[in-house]
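Quick one: this structure, given as structure tokens, is what I'll be asking you about.
Letters A, B, C and D name the chains as they come in the text, with residue numbers starting at 1 for each one.
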Amino acid sequence: MKFQVGCQLKYDLATPCTFIFNISAFNNGSQQVFEEHLQIEPAVNSEEYVSSPLKNRLLRLTAPQGKLEVNYQATVALYLEEDNPNTIPEIPPDKLPLRVLNYVYPSRYCESDRLINLANKEFGHLLPDYSRVTAICNWIYDNITYLSGSTDSQTSAYEIVTQRTGVCRDFAHLGIAFCRALNIPARFVSGYAYSLEPPDFHAAFEAYLGSRWYLFDATRLIPRKGFVRIGTGRDAADVSFAMIFGSAQLDSMKVSVDCLSEEIPQTTVGAITSL
Amino acid sequence: MKFQVGCQLKYDLATPCTFIFNISAFNNGSQQVFEEHLQIEPAVNSEEYVSSPLKNRLLRLTAPQGKLEVNYQATVALYLEEDNPNTIPEIPPDKLPLRVLNYVYPSRYCESDRLINLANKEFGHLLPDYSRVTAICNWIYDNITYLSGSTDSQTSAYEIVTQRTGVCRDFAHLGIAFCRALNIPARFVSGYAYSLEPPDFHAAFEAYLGSRWYLFDATRLIPRKGFVRIGTGRDAADVSFAMIFGSAQLDSMKVSVDCLSEEIPQTTVGAITSL
Amino acid sequence: MKFQVGCQLKYDLATPCTFIFNISAFNNGSQQVFEEHLQIEPAVNSEEYVSSPLKNRLLRLTAPQGKLEVNYQATVALYLEEDNPNTIPEIPPDKLPLRVLNYVYPSRYCESDRLINLANKEFGHLLPDYSRVTAICNWIYDNITYLSGSTDSQTSAYEIVTQRTGVCRDFAHLGIAFCRALNIPARFVSGYAYSLEPPDFHAAFEAYLGSRWYLFDATRLIPRKGFVRIGTGRDAADVSFAMIFGSAQLDSMKVSVDCLSEEIPQTTVGAITSL
Amino acid sequence: MKFQVGCQLKYDLATPCTFIFNISAFNNGSQQVFEEHLQIEPAVNSEEYVSSPLKNRLLRLTAPQGKLEVNYQATVALYLEEDNPNTIPEIPPDKLPLRVLNYVYPSRYCESDRLINLANKEFGHLLPDYSRVTAICNWIYDNITYLSGSTDSQTSAYEIVTQRTGVCRDFAHLGIAFCRALNIPARFVSGYAYSLEPPDFHAAFEAYLGSRWYLFDATRLIPRKGFVRIGTGRDAADVSFAMIFGSAQLDSMKVSVDCLSEEIPQTTVGAITSL
């Protein structure tokens, strides 16, 4: 499958601002970026940095007071691994690769340490494999109402449990928090999502099962295999699409994802196969 | 300076448990471990892992139901860099090394995104250099009462702001949260602390200034240059001395730090020179 | 039924302290106090006040530094109204007596405004009558684990939803918060409870249905008709057994409830008939 | 002084709704309502209720789906008591009238139990009289930025302490919480405020000192003696201008206050003399 993804971001800067954008498509292994265009107006220097070990592609620039417009376009091919996920077990703590331990710890928006009782009550009796993470996604889908504008950048999984409304970011945070509360490593993934209405940046999460990371999306808003990864992190704090130092206002944002080739299965399931 | 550090941890396990200990002294550059002894009763296999990129030394073991005793002893030499910290500037966002960006983001126990107004009100007018982080430490020392048992493992910087009591871990979390709210990268450091009464694991924090990390301790409980680092992380979630999978109770804990050689200046200041 | 209830409270006062005790049995209509003894050592003056409109009996005294012991004993008869609760409807907002409106509003420990979505998700589809409040009690009993020491005097219903552990006070707060979130007036009741193990002050809640208040106890810890009321309020903030101004430590507390006459049905149900 | 106060509220009801309005001017002793007009379109029955003991005037009505417009106008005279507030002492707990005790307890939006350390740190050393409540108002004015839209109906004093922004309601809640944390009874007052820009319902608070309640307004937004009381309660939960059962949207709201006679001193001070 091949996608054309892109975004146009327009800001009004009240002061000179430094931006760190996390909008470039991930480029590694199962996802390959073919062509890429970045346009910045006014023309200011920008600096790209690929983070280690997660290989997020950060873009930093400093712009003067006034208007700023950033256009990004890329052609991206996805090579999906085929698995039968239902045979994939959770890994017990004594066998977990120590490099994924970070993802069992609680983080800013995923206070898994406060969700241990709830997670065990709801999911503790289930089989410790891929199907348990699917059960987590189903619980979220059934219990949390997707409602634009119902949360903000400070909302965390702990609050979502009771508030019962949220957006993709909150669905992902809660999925991560439940996984970690059960000692399943889990992490946040931002991306471009095919057929999302209205178009926007999307978020999902990954759980470490068997010997790799598997992607899950509790919102059921996008088709299987329609998710082009941007960044990976502990939670949204690590991969916001724009971190701004200074005073700027987002005037408009357009996100686009087009499918350039190959059939996209339209089955919308709680868990979509990992990149 | 040379220190003999160590700990004895006794647990009662109600079930088989997997432990990940973070008690081994850091060993790199400015801090060198000479001799080290680890004793585990009953004798079970253990696995050491040095994390990347922070080089924390994690120890994993699985023990059967019953008693578990872990004894760790090490001789450690510190080679402190000399600096005149008062000439060290903060680094503006457009110049910050992108590898330290992670430490500007909020984390589980350091919700810097919620402390921005407070941090700017209290410290926004100060010079953007080392002295501002010292001012943060002074504020914490003046406004937060050190009180054993007043917080627990779920307490975060956001709560400490109003609760006004805490222990070393809370003092460090609040220092970190204030720094990040001002765009100063900051991180958590656990360690063995000389002359701490009663002896216990200690926590402090580091801020990135000039071209390296500088250590700060808002508790003023330990002398300059008496801090032997164990681990470094975003906050206490990353470097708890023991992460336990299973049901175990800590029966007793002894921590010891002895100075083997060289004079230790006894000046207790808010900021102690970095390792 | 007739009960002998009482408590012995021993304090150590670091400073002179003023106490407001709420330990005297309620005396009105369906509950009658026959004999009552109050002993205070050292002998200090005390002042009784019956609050309006709830008729809580407050006892205020000021004691010097040192030991303080308060002994209270009373013989209390309960005259329970017989009802078939399953025919009792909720009262819609346009018909609610305006004097009970206070009990629809959120309070310190019952943040019903934050539980509206959850309450509607769990109970919104149920019949608007007595059985819905029973369903709330069943949910609490099924989902919250009674665990001594798992909460403190600052814990609120909002936290209990996720923490999933608590004591009688927390069970009552959550029941109240769910009711109010559904526009059912609900209030907190403290009391002496027969056969509670270990003996302690107890808490339950009342919901306004039909034309009066009905008592509910989601803990299922006490038998039907074994609850001797002390005080009534919006939540525990209004009826703590002792409010202390000054620095005092509770050295020991003994609570006793004996049944003096008549059979006490031992059926323990989620909802017990109101006084 | 005489004021003409009023409001026009326009709603769009998606379902039949029951409203409980708290918009009628308080009428008792120091504040007298002369003429009053209430117009409701469509013409539906309404029911007035004067609460006990606080004498809030509640108005209940049920309207069908569609538009609803409520117009209220009143002429109100204020007879202000003259006092020299600076001689008014706080009342120690052993002398407090027990009927005001409710106002020392924490409430939904005034979690005074969580602000005790902070209140004592900031105000514990001050003289226990009127001037201490003025100091509380000054602290709020100096540390909290008045910012429309920065909070919502769930925001509480605990959050304001760190967030450092809020509106009149939040300023009042924080004032109340600080007072109660110091054992000073305090309560919430809603009203019509002269010369508020833009015109809106206003909120302030009262503290019990000497032998009566004194009004304080930490926003410093209105002149001395320009506050026409609507309702009094523990916090905003008790006196919201409209409590709605059903699904309705506020399309527009106009609030007006005109001075009909007598000079209004324009001095804007932290504390304004009580009604």
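Definition applied: a residue touches a chain if its C-beta (ideal position, glycine included) is under 8 Å from a C-beta of that chain, and two chains touch if they have at least 3 such contacts.
In this text the structure is predicted, and so the values were computed from the model without any measurement.
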Mind listing the chains that sit against subunit C and also against subunit D? none
Inter-chain centre distance, subunit B versus subunit C - centres from mean C-alpha coordinates, in Å: 44
Using mean CA coordinates as chain centres, what's the gap between subunit B and subunit D in Å? 46
Multi-chain contacts only, two chains or more: what residues does subunit B have there? 114
Chains touch one another in the pairs A-B, A-C, B-D, C-D
Along subunit D, where are the residues that touch subunit B in the complex? 114-115, 117-118, 121, 143, 145, 158, 161-165
Flag every residue of subunit C that touches subunit D in the complex, lowest number first. 18, 20, 47, 49, 51-53, 58, 60, 62, 92-94, 98-99, 101-102, 105-108, 110-111, 113-114, 153-154, 183, 237-238, 245
